[in-house]
Every structure is written in structure tokens, then in C-alpha cells.
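Here the structure comes first, spelled out in C-alpha cells, and everything after it is commentary.
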Amino acid sequence: MKKVYHLDADEVPNRVIIMGDPQRVINLSLLLENPVEISKSRNLFIYKGYYNNKEVALASHGIGGPSAAIVIEELIKLGANVLIRLGTVGSLKKEIDVGDVIIPTGASYWHGGAGLGMYFNNICPPTNPSYDLVYDLIKEINNNQIRYHVGSIFSSDSFYAEKDYIDILIKLNFIGIEMECATLFAISNLRGVKSACSLVTSNNLIKGTKGDYNDVVKRIAKIILNVITSN
Amino acid sequence: MKKVYHLDADEVPNRVIIMGDPQRVINLSLLLENPVEISKSRNLFIYKGYYNNKEVALASHGIGGPSAAIVIEELIKLGANVLIRLGTVGSLKKEIDVGDVIIPTGASYWHGGAGLGMYFNNICPPTNPSYDLVYDLIKEINNNQIRYHVGSIFSSDSFYAEKDYIDILIKLNFIGIEMECATLFAISNLRGVKSACSLVTSNNLIKGTKGDYNDVVKRIAKIILNVITSN
Amino acid sequence: MKKVYHLDADEVPNRVIIMGDPQRVINLSLLLENPVEISKSRNLFIYKGYYNNKEVALASHGIGGPSAAIVIEELIKLGANVLIRLGTVGSLKKEIDVGDVIIPTGASYWHGGAGLGMYFNNICPPTNPSYDLVYDLIKEINNNQIRYHVGSIFSSDSFYAEKDYIDILIKLNFIGIEMECATLFAISNLRGVKSACSLVTSNNLIKGTKGDYNDVVKRIAKIILNVITSN
Amino acid sequence: MKKVYHLDADEVPNRVIIMGDPQRVINLSLLLENPVEISKSRNLFIYKGYYNNKEVALASHGIGGPSAAIVIEELIKLGANVLIRLGTVGSLKKEIDVGDVIIPTGASYWHGGAGLGMYFNNICPPTNPSYDLVYDLIKEINNNQIRYHVGSIFSSDSFYAEKDYIDILIKLNFIGIEMECATLFAISNLRGVKSACSLVTSNNLIKGTKGDYNDVVKRIAKIILNVITSN
Amino acid sequence: MKKVYHLDADEVPNRVIIMGDPQRVINLSLLLENPVEISKSRNLFIYKGYYNNKEVALASHGIGGPSAAIVIEELIKLGANVLIRLGTVGSLKKEIDVGDVIIPTGASYWHGGAGLGMYFNNICPPTNPSYDLVYDLIKEINNNQIRYHVGSIFSSDSFYAEKDYIDILIKLNFIGIEMECATLFAISNLRGVKSACSLVTSNNLIKGTKGDYNDVVKRIAKIILNVITSN
Amino acid sequence: MKKVYHLDADEVPNRVIIMGDPQRVINLSLLLENPVEISKSRNLFIYKGYYNNKEVALASHGIGGPSAAIVIEELIKLGANVLIRLGTVGSLKKEIDVGDVIIPTGASYWHGGAGLGMYFNNICPPTNPSYDLVYDLIKEINNNQIRYHVGSIFSSDSFYAEKDYIDILIKLNFIGIEMECATLFAISNLRGVKSACSLVTSNNLIKGTKGDYNDVVKRIAKIILNVITSN
């Protein structure tokens, strides 16, 4: 019988890198030594393996706060206590180009949404990553000479309703828009585990530009692996 | 270049059966004649094929409102105009057992959540399926002698925050709890397409019972295929 | 002593047609065999009588959700289990003319309003009519060759604040605006009774047209009587 | 053609006493000299006549905020600029007995409700009567030796959902519960007209007592008539 | 040991005039006979003394609802039962000039704000001053031939976010904007004590005018002293 | 003429330590070389001087979000770009004793409150301090052997309404309760400046203990001065 409701694994390493796309988990599992699939429930694959001689897992959380909330809660139940998300982001600033990295220091969301309404009701929870992971991520990115930006982002629940809010989000000084960071940060804070995120810019919503960014994803994955295995 | 942001397909049949688990899409695609995978983006597989000589697709929408909203919006952009969800549900009534089917006539949700907050702001949208699809589903289920129940359900954003609300949800006369119907119904109404849902009871939250229900899923899949291909 | 707080009747037939205007109840009571006034409290008249040899009542619910909620709750306490509203509606679509009928499949409302805030707090309840009554109503209207439209409507609490919202309501795909359906549908779902509605277009808010529609009201009354007495 | 959407009258006196029950309007019209019915639309009767040689109208607003809001808005459009409500109230204090009068100094309501949500959105408007009318009402009641109480009340939208909130309402120091004062006071403030209210206790919600209070209603009607005709 | 958490005083007179700026308390204490500082905690000075042979205190409540709420709650705990605020206000009407006085009859605020969210949750409390104090203030101002205006104001939490709301606030018929009246009125109602306010216009937000108004402040202080000592 | 609406200063150093109590500003100004008072408006004193040869200011922000928001906005307009709050906190954990230090990593608040409602409407903004300031503060506190705790806190608007929420706040994993951090962090993020906070435990809400903590305040002030002058 399964230990948790959705995932198949019986336990996971305490260090887990999470990402939305299950295919990315499979691809990036090649960065690990001895990668082993430990959960494939709902195609939200989890692989574990070694990096810098430390055990680490890669897990997919699907799209959006409610999906991510389930995966995060279950990973924590199965042993995770450091969660770093590797995701993509739409840029809300002209100068943040496709392929640039955003390290979010906080994540805004629509009141009641992000899978957080039933947890917090009329209270707005803190949606910050762990300061020390942010510190380490930035240091490591600096060392790798990748263009990056640090700031607040907006975690949207409604990809196809976003366009009416772009002007407001920019005015509120959010530099990017994605879908799961508020959930990750709020639930990690609630459960007392560490979390952070690195986001690769997939498109620029001001300039309307897109482009390939897969190379950056791989470089960032290694950076996260270095950070998470040293924590 | 992709026609929509997330899915790979260039077009989809106008009839689509959606479900959360991508693996279920793969399994149930065997019910179709000439099943072909037409999208595998983010492992949210879509297959198309024929049933009763009508073209139909099976698509996975992942977990939760925000994920489902993206898939539903993109399916509609790609041609879908009848969407029937096949899902699972936790029963909130003692007499609704594992393996029983629930046909939701409406779906409640937490204000601001279900991926609907940014669409509707302070307005509560209608979250009803199409009356005629509900009518047809019930008629067909009746013909197949499956135990079923008709009523309102609650579409939760927060699987792991639900336990504090069970008593309230029961008092409000919701007979089951799942995660995506409110989103499906509200967005289908917004976009002017038809939708409905059949849910197989996976567990009873009052009695704490679980059990196997895969056989019912397969039977319900055929019922939905019959209904959707006659609409 | 009265059985319920507001209404005078001791019991009502299980089939009740409700409408806002008490005068309409009096007028339409002539359609019944042996019409008898059974409540006149607050001039919210209730008549009962026979149609197709079935007992049926006509009741007025006044204007707005809070008034309708009281009447609906008390009718249910007094025995009603099928409630069909006959009302008027302002059209939000150019092609829905004065005298056309709208069969609402769901009713939107302002969060906290419609007399529902204290029932549901931060939960948005389902506001759908009974699928089978909708099905029957449409079939019967079809047989009578009345122009009709099926879709979502907005149940407003604030007739004189509506004008600032017309553009938003149209964008959200609501085809008409009236004042009590959300309340009827939500409370009927809560109490486990059947409900539906037929609305006659009294004016077109896009074109600014008005006109006489009393003949349609009478025709629709007969249609509802036929439907409710066959359920 | 009608001047306003719902009421029949072409104009009304600038002084109007409003009440929920249309029958009460008819009964109390006997207090006026030369009473004339000037609107009977939806049985929300309006009578006008003279008292103390001043023209005054009695109008029924039906039950609940949305109904009252329409009547109040239309009365103002037709010329009213002083509105005093005569209503009944459930007592939330042990010492406020059936037949006692409550003069509300402010009216609380459920956010989004009372027919005010679409007017004020996320702003909470002031829901106070006119201080000078309150002053005059109390002076006049004092002169007539009627037991009265002054304080905040709760204007409920949901008579049948109130029972879950009684303890909270008492803790918040509300001394009575009725259904339309918040609407009257907020809309009068919005439109720049004067308003106030006198409420006769119909039942005590703490002690569960009821009783006859019609004599007090008549006495209070005269008091309001004296106050309104001297303003 | 202190009797209350923030203030130093052991008791205060039952009549207290409150104002935001501690320096104004010091300045106006010169109007009292035998002024004595009785609390200086957090520089929110309180002085007591005599006026018209009645004991009265002047207290500073700082800026904004949360600060004022603490001071008001503690003043009440220490014996206050009549609280009149002397403040400044930005005018939202062309004809209300710098130096004119506004007597608020009710105070609007942002839902959840004004330090009231945790007290009242989803209920909007009444935010009215005591009618009799308003009556007395206006009579006394009239006697002193100061230009004054009576109406609803908006109590803002966010001085630097106000500019986006000016048009809405004007449309809602608020004649001035300040920061603490909603809090004063709601908490006074909650605790069963009397409150009112006189506001001196410091600037006109429509015309963009400012000017000196200190002389009016002093005159109003005397008016309030006369009113409060006769209550 | 003043450069900003409330404060007197014409400019402030870019490094500012803020605290609620004006008296604390005066006391701690003695830690600076050449302390000079540069604003005394509303007794919210600001001193500037030198520490480690860097110019730094101490400013009081009063009590609560709305007051703090004004001071923070004006300090930023006058030149501040690093703001560190020194405050006190009530402990929500048994093991956090009087005199212990809490470094908040995020601050929760009541939706609509904290002076943030009008800025963000239905969006929940990120309420995190700057990760690098948190990092530096913790390093410096470690070096000084002060007992400290790192975690999420709740920024309350309603000191006297808190007691009903203690159990919920503890369940949500907040370790302390104070009144201004959410405001500081959200507005600093909005305006693109750096902020952080160190809080000295003044009392333990679980154990009901209080005690003297002034010595720790002085030690923490020096720590903050060291951190802020090295940034």
C-alpha cells in the first residue's frame, strides 16, 4: 500500500529538485549518478540518484498550485526537507531576455488561489523562499556567468486570464510570471522545510519575444544540484 | 511552431474526454479504433481515434484547476466543443461506496481558487455541466446498471487542507470532493462549449474505506464514449 | 400559530411555480382549476389549484435574493420539492429580443450577495438548475415554437449599480441579467430539492429596446405547468 | 410610460416612510388625511396623504436589501429626500423585550451582501442613519413613553442562515437583527438624502419569546409621522 | 506594572479628545486648567486637566487604524467613555476649502483594513459616530460661525495608494479622506462608548490647494471641549 | 515647504533603521557619532549620524501598517534604500523566551489589512525581507552569541483582537506576532529597496511570561548598525 495518496515512492531523499514538466525530470536525471525512477504515479516522475556524492531526487509537480501543493506535501511526508524548483518564467521587464535567469525572492498570487485559500482563509501567508538558498543560488550563478535578475514574481493560476493583468503586475514591480512559486514557498514555510527557485525566462511578455532556452535549463540544473548538495 | 502555448497538437477532434492521470489516457486509448498520440507535451498525453465511427480524443489535464484550465482552454482553441471529464472522487456520503459513480450537477469551490479568481474576480460564475450531457450520461449509466448518484460536489484546490472542511462540506450538501470540475464547468460556460463529468468513487471519506475501482473506470469510459459520440 | 416565520400557509403542494410579482401570481392563478389563495402574508400571495389533475401552487417571492431565499426556504419546509421560477430578464445579447425566452443553465452572482454570503461564506456554491427540469422545459418550449436561448445569466443584487458592469458581464458570456436565480438554484441544491427557471426577455440592454411580453409570460406559464405536473 | 423601472408613481412626496410589508402600508395609510394609492406595482404599495398638513408617503420596500435598494433608489428619483423605515427586529439582548423599540444608530451587514456589493466592491460604506433624524426620533419616543433602545444592529441577507451567527453577532455588540437598514442607510448616504429607522421588537432571539406588537407599530408610526413632517 | 499594554496611565478621565499628532496634544493642553501629562509611552502623549470644571483628557493616537485602535481600546479600559477625535482631512469636494470643518456622519474603509479585519472578519461593522455628539458638535460649530460640512468620509489605510481611488471615492459621495475615523467609530460601537469627530480641512484634493489651518484647529478644540464637557 | 507630506527632513541617508517607538530612536541615537535630529514631525523622530564612518539614520514609524507605510514611503522618497526594522515581538513558541531574537523571513497579515489593501486589492503581495540582509543579520547575531530564531511571523493590525487567533496562528507555523513587518517588506519590494528586521521577544504568548529585554535591544541595535553600514 502506498505511503501517501498520490506518489508511489516509499521515501525520497531529503534534497529534491522539483519542476513542472515530467519530461524535464527524465532528461535531467542523466545529470545524476545511478539515476533510478522511484515514482511514476500520474506521470509525475521522480528520479533519485547522486550528485557530488549526495543523494538527491528530481520530481515533477505538474502545472499550477493545487498540483504542486500535493506533490510538495507528499515529498515532505516522504522525507524531503530542501526543495528547489527549476522552472520557466515569462518576463515582465524589457531588460529580462529569453534565457536570462530570475531568482524569485517572493511570490505574489491571487487571494484565494495558488492552492492556498483553504490553508490560510483570510490570512495572507508569507511566500518567500529560504534566504540562505537564495544566497547560495545567486553566488553559484554568479560564478557561472549566467545573466540573472533577482526580484518578486507573480504566481498565476490562470494562464489564459493573465493578459488583463499585465499592466497591473508591472506596476506592482513583479518582474516575472509563472505558476507555482507562491505555493512552494507558502507550504514550505508552513511545514518548516527549506525552499527556493530558479526560473529560466522562456519569453518576454513586454517585447513579445520567445526563443530557445534549453541550454540554460541544463546549466541551471547543475547550479541547483551544486547548491542543494551543499546544503 | 506550436499553435497553443502548452499542448503539441495542431488540432483536436471536437469531442474530447479529459482525465487527470496521463496513464489513464494511454490505457483507455485502447478502447479507440486507430488510436494515435497527438500531443505529449508535459506528459499530458492526448490520443485521438474513433469510436462508433466518430472521431474522439482522450486528453489528460493534470491535477487541479490551474492545470486543467490550461488544457481546457487549449483544447477549445484547437477545436474541442464537447468536453467530458472522467475522474475519481472522494465520497462525502455514507451510502456512496467505492466504485459507485457520481454525476455532478454543479461544482462548488473556494472563492478565488479553482484557477478562476483572475477570470471572475469578485463574481461567482456558474459552475454547472451541460444539462443535456448530464441527461445523456445518466440515461446511459442507467442502461448499464452501475450504481450512481447525482448531486453537487466540491472541487478542492488543497488536498491536504481538506480535512478541516469535511464537516462544513457535508452540511452544505456536497456529496463528493475532487479537484477540477468547477474549473471545467466554469471555463466551458465562459467559452460556450459543452461539458460534463462522471466520477468514480475512489474512497469514502466518512467511512474511511478505499478499494479497487478500475473496472468501473473502464465501464464508465465506454459510457462516456457512447454519450460523447452521440452528441 | 404559523408553521413558518413569514408565510401563512400550513402546507403547500410539492410542485410550486415561483415568480417575483404577486400580481402575476393572481393573474396566472386563473390557469389553475379551483385556485385557492393559501397565503397572503406580506402580499407574497400563494395560490394552489390543479393542472393536468396534479396539485400545484403559484407563489410570489418578491424582489432579490434575500426575499426569494426566505420564500424558497419556507416553501420547502411546507412541502415543496420542485420549484420552477417564471421571471423576466434583461438581455445581454443583441440577438435576444424582447419576448424571447431564456432558459438559464447556471446563474452567476456577486460574491457575498444573492442572499448566499451567510450560508456559504468563502465557498462559491453551485448555482445550477436541475438538469432534467431544464431538459423538459426546453423540450416543451420547442414544441410550442417560442424563440428561446439557453445559457448562463447573472443574478444581480443591485439593479441601479448594474450599468457599470454590463461590459464585464457580456465578456463573461452571460446572456441575461435578473435577480433571483442564483439564490433559487443554490438553496435548492443545498436543501436537495429540484429547481429550474424560464425567463421572458423584458428589455434588451444592448439595443435599449423594451416592449410588451405579457402574452409570452402566459404561454410560458402553461409550459411550466405542463413540465412541473409531469415531474 | 413609467418614470422609473419598477414603481408606478410619477412623483412622490419628499417625505416617505418605508416598511417591508405592503399590508402595513395599507393599514397605516388610515393615519393619513386623504390617503391615495399612487403605486401598486409588484404589490409594493405606495400611498400618499397628509399629516400635520405636510404631504407624506408610505411605501413598501419588500424583503431584503436588493428589493429595498430598488424601491429606495426609485423613491429618490421620484422626489424623496427623507426616508424613515418602520420595521421589526429580532432582539439580541435579553433585556430588549417584544414590543420594545430599537433605534438603530448603525447597521452591520455581510460583506458583499445587503444589495451593496456591486455599488461598493471592496470598500465598506458607512451605514449610518441621519444623526438629526435619530435625535428627533428618540426625543419623540421619549415624549411618548415607549420603551426603547439605541444601538447597532445587523442587517441580515439570510434569515435561515442566521442561527449559526447569533453568538458572533452578540459578541460584536449588535442588539438586533433585521434585513434592510444597512441598505437604506448606505444608499441614502450615497445619494445624499436623509434616512433613519425605528424598529419594533417582534421576538427575542435569546429568550425565544414572541408576542403581539401591533399596537406599538401604530404608535411608532405616529411618532415617525410627527418626526418626518417636522423635518 | 502598567495596567494596559501600551499606555502608561493608570486611569483616564471618562472624557477624552483624541488626535493623531502628539505635538498637538501638547499644544492644546494649554487650553486646559492644570494640565498634567499622564502618559508618554511611545510619545503618544496624554494630558489631563479641567475645562468648564469637568475633567478631560487629550490623547494622541498616532497615524492609522491599528495605532488608533490600540489607543482607543486602552483608553476605554482605563475609563474613557466619550471619545471625540480632532483631526485633519483632505477635501474631496471643490467647495470644501482649506480651513473648513467636516463633521463626519459615517466613515468608509477598505474591507479588511482600518485595523478592523480581525475584529469583524467578513462582516462590515457600522462605522458611525454617536448621533448626539454629532448633533451637539454641529450646534456648537454653528454658534461659532465656522464654515462646516456634514457627510461621509473615507478612512484610508494607505496614504500613498490613495491617488488611484480619488475618482471612485468622489463618485461614492465621500466628501473627505483621512485615516482613523472608521476605526474610532467601529471600536466605540463595539465597546459601547460614545464617539464623534471634527476634521479640519488641510488640503483640497480636487483643486490641489493647501494652506494654514492652525487657527481653526484651536477654535475647533475649544468647541470640542465645550461639547465633551457638557456630555 | 516640506518635500514630503508628513516628515520634516529634506533628505535622509540611504541607510535607515526604523522602529516603532520614538523614544527608542532618541535613546539609540546615542550609539551614533554626531547624532542630529532631522525630523520631529508628529513626534516620529528621525536622527542621523555616523557609525563605522557611514552615514545612517534612525527613524520611528509609529504603530501599525498604515503609519509605517507612510514613514517608509517618505523615507524612500527622501533617499533611503536600505531599511532595517528593530522591533519587539510576542512569541508564539514555547521555546522562544523573552529576550530571544526573531529574524523574520516572511510576514503574514490579514487580507486587506497591514495598510496594503489599497495597494494590492485582491492580489497577495510577497512580504519577504531581503535575503542578503537576513543572511548578514544572522551571521552577525551568531557572532554575538545572542539566542535567535528564524521563521515566519504574523503582522497584526488589531492587538486587541489577536487573542481569538492565537491557535490558528500557531497552527500556521508563525513563530511570533508583531505589527509592521508585512508592511515594511511589501512596500520595500514594491519600491525596489532593501529591507529586513530583527525582533526582540517582549513576551511569550504561550507561557504568559514577560520580562526586561532592553539590554538585548541595545545589543541588536549595534548588530543592525554593523550590518546596515556594511551594505
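A, B, C, D, E and F are the chain letters, set down in written order, and residue numbers restart from 1 in every chain.
We take it that a contact is a pair of C-beta atoms (placed from the backbone, for glycine too) under 8 Å apart; a residue touches a chain by one contact, two chains touch by 3 or more.
For reference, the UniProt names are A, B, C, D, E, F = Uridine phosphorylase.
Bear in mind the structure is a predicted one, so any value in this text is a computation, not a measurement.
J.: Strictly by the touch rule at the top, which chains does chain D (Uridine phosphorylase) share as contacts with chain F (Uridine phosphorylase)?
T.: B, E
J.: To reach chain F (Uridine phosphorylase) from chain B (Uridine phosphorylase) by way of touching chains, what is the minimum number of steps?
T.: 1
J.: What chain lies farthest away from chain F (Uridine phosphorylase) once each centre is taken as the mean of the Cα atoms?
T.: So the chain farthest away from chain F (Uridine phosphorylase) turns out to be C.
J.: Nearest 5 degrees, what's the C-alpha rotation angle taking chain B (Uridine phosphorylase) to chain E (Uridine phosphorylase)?
T.: It is a rotation of 180 degrees, to the nearest 5.
J.: Averaging over Cα atoms per chain, report the distance between chain D (Uridine phosphorylase) and chain E (Uridine phosphorylase) in Å.
T.: The mean C-alpha positions of chain D (Uridine phosphorylase) and chain E (Uridine phosphorylase) differ by 29 Å.
J.: Averaging only over C-alpha atoms, locate the centres of chain A (Uridine phosphorylase) and chain E (Uridine phosphorylase) and give their separation in whole Å.
T.: For chain A (Uridine phosphorylase) versus chain E (Uridine phosphorylase), the centre distance works out to 48 Å.
J.: Of all the residues in chain E (Uridine phosphorylase), which ones touch at least 2 other chains?
T.: 110-112, 117, 119, 122
J.: Among all the chains shown, which pairs meet the touch rule set out at the top?
T.: Taking the chains two at a time, the touching pairs are A-B, A-C, A-E, A-F, B-C, B-D, B-F, C-D, C-E, D-E, D-F, E-F.
J.: Note which residues of chain A (Uridine phosphorylase) are touching chain F (Uridine phosphorylase) in the complex, please.
T.: So the residues of chain A (Uridine phosphorylase) in touch with chain F (Uridine phosphorylase) come to 105-111, 119-120, 122-132, 134-135, 151-152, 154, 168, 172-173, 182, 185, 189-192.
J.: Quick check: in the complex, which residue numbers of chain A (Uridine phosphorylase) touch chain C (Uridine phosphorylase)?
T.: Contact set of chain A (Uridine phosphorylase) toward chain C (Uridine phosphorylase): 112, 117, 121-122.
J.: In the complex formed with chain D (Uridine phosphorylase), which residues of chain C (Uridine phosphorylase) make contact?
T.: Touching chain D (Uridine phosphorylase) from chain C (Uridine phosphorylase) are residues 5-6, 20-23, 40, 42-43, 45, 60, 62-67, 69-70, 73, 110-113, 115-119, 156-162, 164-165, 179.
J.: Spell out the part of chain D (Uridine phosphorylase) that touches chain F (Uridine phosphorylase) in their complex, as residue ranges.
T.: Contact set of chain D (Uridine phosphorylase) toward chain F (Uridine phosphorylase): 122.
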